[in-house]
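Order of writing sets the chain letters: A, B, C and D. Residues in each chain are counted from 1.
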Amino acid sequence: MSFFDLKGTLKPLTALKQFGKKPHTIEYPKVKKEAADRYRGFHFNDLEACIGCGNCSTICQNAAIDMIHIEGIEGINGDSGLRPRIDHGRCCWCALCVEVCPTGSLSLTKDYLYVSDDPDSFLWVPGIDNPEGKNNLSFTSDEQSLNDFKRISMPELEGMERVKSFAEVVLGYNEEQAREEASRCISCGLCTEACPEHMHIPEYINAIATGNDKDALRIIYDNNPLPEMCGKVCTRRCEDVCAIAVRGEPVAIRWLKRYATETAISSDITREIVNPVIKEPNGKKVGIVGAGPSGLTAGYYLALRGYDVTIYESNAKAGGATMYGIPKYRFPIESLDKQIEYIEKIGVKIHYNTTVGKDITFDKIYKESDVVFMGVGFPKAWTLGIDGEDAKGSMQAVNYLHEINDGEEVEIGNKVAVIGGGNVAIDAARVSKRYGADVTILYRRRVQDMPADWEEIEGAEDEGIHIVPQAIPIKVIADKNGKVTGIEYLMAEMVPDERGGRPKPVAIEGSNKVLEITALMGAIGQQADYSFIEGTEYEGKIKVERGRIVVNEDQQTSDPKVFAGGDAVNRTADAISAIADGFRACKAIDKYLIEK
Amino acid sequence: MREKATTLYLGPQHPGITGNMMIRLKVEGDTIVKATTEVGYLHRAFEKLQEQRNWLQSFTLMCRFCVPETDPMEESYARAVEAIEGREVPERAKYIRVMVLELARLASFMLWYGGQNGSLGLYTMGQWSVGDRNYILDLFEELTGGRVYHMYIWPGGVRRDLPKGFEKRVIKVLNYLEKRLDDYDDLMFDNAIFKKRTQGVGLVDKKTAIEHGVVGAVLRGCGIKSDIRIDDPYEIYDQLDFEVPTAEGGDIWARALVRRQEARQSIRIIRQVIDQMPGGAFYNQIPNPLKWTLPKGDAYVRTESVRGEIGLYLVSDGGNKPRRVHLRGAAYVHAVSLLEDVLIGENVADVSAIMNSLGTCPPEIER
Amino acid sequence: MNDIKAKLTEHIKANFPGAAEKDFKGENRIDFSIDKEFIPSVLTYLKNTAGFIHLSHITCVDWLEEGEFEMIFIIWSPTDKLKVFIRTRIDREKAVMPNIDMIWRQANTYEREFREMFGIQFIGLKGAKDFLLEDWEGPPPMRRDFDTAAYAKDAFFERPGREDALDVREEIIKRSREEIPGFAKKYSR
Amino acid sequence: MINDKNSQKIVDIIQNWARKHSIWVLAYGTGCGAIEIPPTMTSRYDAERLGVRGAATPRQADVLLITGYLTTKTLKRVIRVYEQMQDPKYVIGFGSCTINGGMYYDSYNTIKVLDKYLPVDVYINGCMPRPEAVLAGFGKLQQLIAEGKANGAAEYKANLEKYRENQKRVIPNWIMPEYNW
């Protein structure tokens, strides 16, 4: 380097060329630059859309999010009633909470300015502290979410393959599929409230996700002695409220339960895995009328608590409606037998082919037992109430299913019409299809109004069953031998209900149509049969209202010694409610007898 | 006659120190005879904390290791997780990652321009380059939602796709910066004072460099051509056309020359990436983060940051949390033992300039 | 590349008894376990003879369940573009390692850190005892049996005002009167 | 000496007005928030036009910026720095970490609640706060100064024992001179 560097001295002076240029300084506070469209500023929570699942709180690595009660927000089914509150003394605005929010209610906004001299003022309830944030959303989970909204599809038999036999349609998850499906669950537990039985769903799903299938089964058996049945045919109200279902397909809770029960291939292995604690016999006797889900549940858990339990069942097999009302392609007979066998091995005595009121009087059971539980169900079908209904070939779907499940043969010909839109109607239709008939379902309302499971409806359609919605049957046509040859029906239009209920079908005059058939099945509902107490002293003691036995919240009837559950008691008429009734009754009976 | 030695404490509160650290200097006159670094003022125990967080939660901590350039850490973590899990990354994500990494390099160079010159009393440069750096941060804000902590590159790809018209805005900023880099040259590299104060100062020779495991621009300033992006390529660097500049001398001047070239190479890389940007997915989604487990295994990944190679060693024991995360930043190499050696014989007035040129970033040392 | 790998593997196995190779797919690396006594000599060999001049990383993993620390030295050859992992296991209770800062001066920094964070002694290691911490009285914090959350709770303050937080699962349990068996609780969120 | 109450008031107003427009910030990057200080100070945001500028030593400084987390090791230095600063002096807490620990709430080496150890006049929200937020923080401080409400230093003096107790709880080896402020 030379002693004097002329270039090096002069060159920096070229910086002067910047002189007079417009500065890029932001004239704060006069001008406030708006943050970018994706800026991760303060949180906003749409309180209406939020279901309080608490996933944001779980993912937060800074423990910044609390779930708190907020005035005016009550917990309901499918909503915990809690809402997130964010501690801005913890938050790092990573937006993971936004990414895992299943409903998409939580987002970030462009707001970022908050300065205060009060360090206690940094607790922030998004949505309440910034209601205007709704119009200022920036970072949302609309574009991208960390929730896995897509369910692992269940392997099934092909539609046309299915109708050839009574083989089980659903094939079940394999281990890998089950783990993957289980890991979609965010463990919020909203489902447990929707489940009548309050099964420990997040716990057993988590056990499956971590590969502890046996623990999963133990957790399931904690309050459900018929999990294999539930795993196959439950109405799964849990899945309706699944947090993931808000924007995606719910976690396949039923199929996961089914998967967990598959580890127990026999009643002995079930016992080995579940390894229940059976208390010493306490000498108290419980008589149970009906070996349906509620009776079996009450019996099982009472037996575990040391009671001497006897069940009286009029049929040759236990299971009630789950045995005789559900076709075997949905619920194979050996699967049920295994579970009944296990319950019997625990110590529950079941007297088969013993109809109460005929083979044994109710009075005898009542007097021999310390407590009686009635799980009698709804064995009798409602009739259609239209002309010509008693023609030959016109039958009730429940009776049809009962006879088929009993192994009998029923003449139905090759053209069957089923009236109704519930699961029984679909079951009867699909069974008829398997006997080679061409089946049509007539339903008063629209397809989306059908009370049957959507999977069942889809399954029926796959198997080539025609569904004629908005059809009101008016007359059964018979030939001179009294045999059914056709059904006449009217088409209906849906009229909105003035009182805000669901739309009503109203027949269109002159839209008469006739469908040619060889058999007709009615499936519009069932009712109870209380003939066993009719005319006895108990008729007055056990109060019955509108066909249902009246019970208090402990399943206790107006006679304190008699408890009841199942379809004859609750309005939901499904197996899981019956199990819940049985379990509740068991706890109440235990309490009642100890207190006595 | 030798002057009597005195002890001088430089930092942690000292305007010339880059970041929060301290150097104990033994000086004779203003010549340093012994230097002892003392670090740990920023030890937050990241690696301990990450062992308590699950795999996704850990990711948010990564960018905080070193603030001037946060993306190489995120990139390292993402790549290490992907290596253990065997997760595929979509092609587009790789391109976006490289673009983000190079933009981050560019932003970091701008900060270095300001710091290096600020340490020599040339404050104009700081006003220019740190001011111009905001244009890059604006791009980051638009793309990632944050100016400094991007939390954008994560296992499986990147977090969000490019906004509409983003590439055009990047090109616009690059065009502007290219012009500005020439202005910087006039002010800095042609400046007699800058030359005088940097040439022959802060020498690192080849032997010392190897003894200390020196990396990045400091190593290239000793004339050794080494760059992880070429030597151990990741993402799509092996398909890009760029040069690795080197300079002889091993002094501050040489390192400055290297960085001057590298900034331009970064611009060149970003232009190529934007030209070749493929379409398609930008993210291969991870499973539910609360139940996400990785198979047993370990991975060691290296990423080139502005300060040099950073290495991340990640171990999984098959659970949902990392067993061990160990990040070794470039400053860990440069600013502890190397700095102690380099400072010997230098003037107290040059300490700040030397620290800047070695890429001292205390949070990266202390973690 | 495979040639170099094979040659190196052969040499190390011949000269350092007990060296075990670990198979590794994917990354370009060779992975060895070796007795800790041989660490300085194998590193010297790799650096001076085999061209692995760059010490890329030294790390330590605490395998609490097995009662061991695993020390891993990762070195890199710029000419062969190859990584070599040298691993060794040492007893957690009597954690002593040979010092290698005469091979790479930089190792001194790592070793000071491990001495402080894991409590590993390096024979003849110089440098101040405090590295990242100051006046630390607890156990070496990076050991897995040190509970940082409990320590933090005990040593520092927490801002009050968040005591009204509720747990979603428990709230639902309370409302539906569900009873969860004890063994299932570990699977709750 | 001015004994009259009203004149004292006038003096206070003038004093506070002057202090408000001359906020010298100590150049001490105690944590990661320091990365947004250069942009705040340089051309884009140019805090200097608001009277905010850097000061090299504690004796010259008015404001101590605690830019995020404080490790116990730094806390010791920060206390020393704070006590060396001359009145009037203010503390600004930067980001989540100073309020309730932030990301490092379970770290064994960082303090969580800054106001237990030092009096804090203004907190700025964010992790990390943008330069606009930093400017807003200074704006808030100016407002508090003008209103005569930024009294952290006086509070510190009045409650020194309480603060000392907390400080000594996390700094076991307390070798520090007592500063004469």
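Here is the rule we use: contacts are C-beta pairs under 8 Å (C-beta built on N, C-alpha and C of every residue); 3 or more make two chains touch, one makes a residue touch a chain.
No experiment lies behind these values; they were computed from the predicted model shown.
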- Query: Measuring centre to centre, with centres taken as mean CA positions, what chain is farthest from chain D?
  - Reply: A
- Message: Suppose each chain is reduced to the average of its Cα coordinates; what separation in Å results between chain B and chain D?
- Response: 30
- Message: Need the CA-centroid distance for the pair chain A / chain D, whole Å please.
- Response: 58
- Note: chain D sits from chain C at a C-alpha centroid distance in Å of 39
- Message: Could you work out how far the Cα centre of chain A sits from that of chain C, in whole Å?
- Response: 48
- Note on the structure: Multi-partner residues in chain B (2 or more other chains touched) are 40, 43, 45, 48-49, 52, 60-61, 131, 149, 290
- Query: By residue number and range, which residues of chain A touch two or more other chains?
  - Reply: 24, 35, 58, 61, 87, 89, 92-93, 119, 187, 206, 210
- Task: List, in ascending order, every residue of chain D touching at least 2 other chains.
- Result: 43-44, 73, 99-101, 103, 105-110, 113, 127, 130
- For the protein chains shown, what form does their contact graph take: line, ring, star, complete or other? complete
- Residues on chain B engaged by chain D in the complex (per definition of touch): 12-13, 15, 19-20, 40-45, 48-49, 52, 60-61, 64, 67-68, 111, 114, 126-128, 130-131, 133-134, 137, 147-149, 363
- Message: Looking at the complex, which residues from chain C come into contact with chain D?
- Response: 133-135, 137-138, 141, 146, 148-149, 151-153, 155-159
- Note on the structure: Seen from chain C, its contact residues with chain B in the complex are 26-29, 53-57, 59-62, 72, 74, 76, 78, 81, 83, 85, 104-106, 108-109, 128, 130-134, 141-142, 144, 146, 148-149, 189
- Message: Quick check on the complex: what are the chain A residues that touch chain D?
- Response: 23-26, 28-29, 32-33, 35, 61-64, 87-93, 112-119, 122
- Write out the stretch or stretches of chain B touching chain A in their complex. 53-54, 56-58, 60-61, 124, 131, 138, 141-146, 149, 151, 159-161, 163, 183, 186-187, 190-193, 195-196, 199, 283, 285-292
